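Read through the structure below, which is laid out as structure tokens, and then see the notes.
Residue numbering begins at 1 within each chain, and the chains themselves are lettered A, B and C in the order written.
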Amino acid sequence: MVPGDLRYTSDHEWVRVEGDEVVVGITQFAADQLGDVVFVELPAVGKALKAHVTFGVVESVKAVSDLFAPIGGEVVGANDALTASPELVNSDPYGAGWMLRLRPSDAAEISALLDAAAYEQVVAEG
Amino acid sequence: MSVVGERLQPTIFELSRPGRGGGKIPHPPANALDRIPAAARRAEAPALPELSEPEVVRHYVNLSALNYSVDSGFYPLGSCTMKFNPKLNEWAARLPGFAGLHPMAPDETAQGTLAMLHELEAILAEVSGMDAVTLQPAAGAHGELTGILMIRAYHRSRGDVERTEVLVPDSSHGTNPATASMAGFKTITIPSAPDGGVDLAAFTAALGPKTAAIMITNPSTVGLFEARIGELLEATHAAGALAYMDGANLNAILGRFRPGAAGFDVMHFNTHKTFSTPHGGGGPGSGPVGVRPNLVPFLPSPRVVREDDGSFRLEREGERPSSIGRVRSFFGSTGVLVRAYAYLRAHGAAGLCEVSDDAVLAANYLKARLAPVYEVPFERACMHEFVASAADLKRRTGVRTLDIAKRLIDKGYHPPTIYFPHTVEEGMLIEPTETESIETLDAFADALIEIFHEAETDPELVTAAPHVAPVRRLDEATAARQPNLRWRGMTGAQTPCPD
Amino acid sequence: MPYGPHAADDRSRMLQTIGVDSVDRLFDDIPEALRSGPLKLDPPEPELELSARLQALAARNRTDLVSFLGAGAYRHWTPAVVDQMLLRGEWYTAYTPYQPEVSQGTLQSIYEYQSLLAELTRMDVVSASHYDGGAATAEAALMTCRATGRDRILVGRGVHPHYRQTLETYAEGAGLGVDEVPLVASGPLAGTTDLAALALLLADAEHPVAGVVAAQPNILGLLEDMPQIGRLAHDAGALFVSVIEPVSLAVLAPPGDYGADIAAGEGQSLGIPLQYGGPYLGIVACSDALIRQIPGRLVGLTKDLEGKRAFVMTMRAREQDIRRERAASNICTNQALLALAASIYISTVGPHGLRDVAAMGASRAAELEAALAAAGAPRLHAGAYLNEFAVHVPNARAVFKRLLARGVLAGIPAADLLPDEPAVADALLVCATEVTTHADITTFATALAAELAGGAA
């Protein structure tokens, strides 16, 4: 269920390492909990994020949820496709529904994230 | 049985045909606008719809038939107090002396309205145990903003600028934290206690030199009186903070509990809840605010002043510099306040007490009828409303509270408030009000129980509801993703005036 | 209780089902020390007596005067159909359309209101309505701060003083700065926004401006150079808020045509009674670019699961009940019934009728201007106006009082409205609309001529 090659946070975000950058999104579990996603607010490219602070907001029809930076770093890309098609977060959360590209400020923060097994445990415990 | 008319309506724009209408306004001379510089003039006439009066009437009558309303049936929408709206009040607000009075009319020409407003302030002060009342706020949330801005001004007037936090319970209306933010405060959310009330220990722990105010809805949003309110108010004042009461649920406690006398510093009234002013499809409301003496200097301006000779006037510009200022244009939603005044005079002291007694009686009766079937998370006597939950039903059948609500539509009822407060899983907040007969309450209870059994035997019947409303469930996701908020294909004004 | 439902034994049957012997027991949770004694209010009043009391109160108001009062609230003819429709209980005894399946009437009526006002203002998005013109203007100004991330607002002194004061109250809470842009004191542009002063205020690089708020027509009835105010605002990276009067938009350039980012205003003149200040209709409209910043309810068009066209409250997750402390505004209640009144009014008078209302007001105002000038009270300003203007009257307050004694409500002493504007100290602000008659004008002019002659003697 949960892709094995990604790292996770207990706030239901995932992180994929691609070279010296990482891609960030929210998990299928989070997307299902929210229901139909209708709007995603993302930071501008160039913004510096600290780990665990909010970087954006995701809205569904009747809920709103903060997005937390899984690690610190500089925003080098944001998924503009979500402006026109926020439903990608529901239909393909680990692929086309990605949200941010970050250049990590401290690679050590990545290794501190949960692996798939640990994240599955988090979901199971509710 | 269908609860609304059968027919959806075309939009008013689709009904428009060039050359229809006219006969309402005399024509001005052709050169009336020649003195207006061309640059300031509208280049292209607005494409507004053209209809004959009979078509306008049919459009709005047929549209109205798609609504469920208190006048057509039982509307147990918790936290909204959908009681009967007396027809005398509609008549009174339309009396030419009230309806035709200009908001800038000189005081000597407005004595009837000013006298009414002054008396209404006194009645609300008596009902709430407060010392003074402002009638200006346009709605409950507007009253909250007014109240919290007064609290801010109070602390600042004492040089106490370190109080930056407002405490609210997690079961509060969303307007409470949103108001705190608008007034420049940080919201601290305190979880509720297991019995549904405020968690006194958690509040006490959070209170401190940074606390400006607590905001408490009493009775609470789950329909329970806050039994620990005395201790909470004491702790709040001991910390130097003030206590705001969200008066949304005042309908339960008229003549039984006066917030000002009990120690609240400020509260708002919702005239469209407690005092029967119409809900109007979402408004207008009116949100008077009562205060204790410590906050009187900060009341918004202008207030109604009674002169020694018995005449009334509005405060003059700058007359009370300690005021937080204006919160709106003109005096207030006077047309709403006339209705509230009529309601209060019609009831008097005995009638108001009876309102709350009967509202609480009706809620407890309905709760007793439903408790054998639905989960009722809080067992002790409720106030004017109570929460029932379908959490267990959902686990067993997959039928959610949303589905039950939609199925109630098929059975001829407006659904209760659902999924509020967020603290109760699959919650339904049911508020019958005091103006519903025992036969209505019984029929509604029977319908809810019937739906419960339908969920067990034929869940699809419930999850696919409503079946007989003018529309089925809506695609709300697309509505939000690709918002269409206005009609674009408008016609009109392209042909000469029809008359 | 006048509207109670219970027959003789209903209460005892209900108590029996609940299992308590008295209603008092249901209030046991109220701590004894905090229980209220009996309310000190009059006994209930039967409808016959109450209706007489209400009639007597209403009759104490003087609505029989020949009135030239405007200043943000306007006397208009409202076709009878408007109130007949509003009196249907299906409209006024329904609530917020949380359950769209049984609220399509209210939802469609709000969608139509949004569409009608969008066309009138030529803006993209119109909210389902706000409290009134003052609160709408304040919310519009706060929008500019959220959208730009700046915290300073410029508001022209040509904006209604109540709106400015409301804006200041809101801004104080939000920790925002408000500076006022002065009016030109004399010369051909007297009474309009001082554009040179505006440019100077905008040039303060230390304190970048989020939004510039200006009114058309302004509080003195004068027409402003709105395109130029908009250009100045935009050149400084600020947004432009136009405070509008909707009837005037039938003949005046709409804010969408001169670059306004937000339009705000008071919709009372669209079929809503004066009723001493409310309930009125706050209008907030904006460009598509600002859609995420507009506070309050929005109704959108969608389909039901069978494909039928339907309407629903949308973009709900912006609002306070979901977003709580992170919501852009705490607004919950809107003015749905007043928005409905405005829609029925516009639909009934139609585009030609609305133009006639605005143009007839202009025509009557020109007649009033000539009559007052002949009576010895010429216009105070040289600039163009639509249907409201200031006339020069020495000792305006005293003259106003004496005219009142003669049954004429001679507008409003401009100094009462704008106490900080010495340039209008000796002036009355007067207004004419389509309901102003030739006879009204003659009565006013004759009385004024007599007063001015008496004052000179």
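Here is the rule we go by: a residue touches a chain if its C-beta (ideal position, glycine included) is under 8 Å from a C-beta of that chain, and two chains touch if they have at least 3 such contacts.
Quick caveat: nothing in here was measured; it's all calculated off a predicted structure.
S.K.: Taking each chain's centre as the average of its Cα atoms, which chain lies closest to the overall Cα centroid?
M.R.: Located nearest the centre of all protein C-alpha atoms is chain B.
S.K.: What's the farthest chain from chain B if centres are computed as the mean of the Cα atoms?
M.R.: Chain A.
S.K.: Which two chains meet at the most C-beta pairs?
M.R.: The largest set of C-beta contacts joins the chains B-C.
S.K.: Taking the mean of the CA coordinates per chain, how far is chain A from chain B in Å?
M.R.: 38
S.K.: Provide the C-alpha centroid distance between chain B and chain C, rounded to the nearest whole angstrom.
M.R.: The mean C-alpha positions of chain B and chain C differ by 20 Å.
S.K.: Could you grab the centroid distance between chain A and chain C? Build each centroid from C-alpha atoms only and quote it in angstrom.
M.R.: 44
S.K.: Could you check chain A for residues that touch two or more other chains and list them?
M.R.: 38-39, 59, 61-62
S.K.: Check each residue of chain B and list the ones that touch at least two other chains.
M.R.: Expected reply: 476, 480.
S.K.: Hunt down the residues of chain C that sit against at least two other chains at once, touch-wise.
M.R.: Counting only residues that touch two or more other chains, chain C contributes 315-317, 322-323, 326.
S.K.: Hey, which residues of chain A end up touching chain C in the complex?
M.R.: Result: residues 38-39, 41, 57, 59-64 of chain A touch chain C.
S.K.: Help me check something: in the complex, which residues belonging to chain C touch chain A?
M.R.: Result: residues 292, 315-318, 322-323, 326 of chain C touch chain A.
S.K.: Using the touch rule from the top, collect the residues of chain A that touch chain B in their complex.
M.R.: Answer in residue numbers: 36, 38-39, 59, 61-62, 85-87.
S.K.: Can you tell me which positions in chain B touch chain A when the two form their complex?
M.R.: 419, 476-477, 480-481
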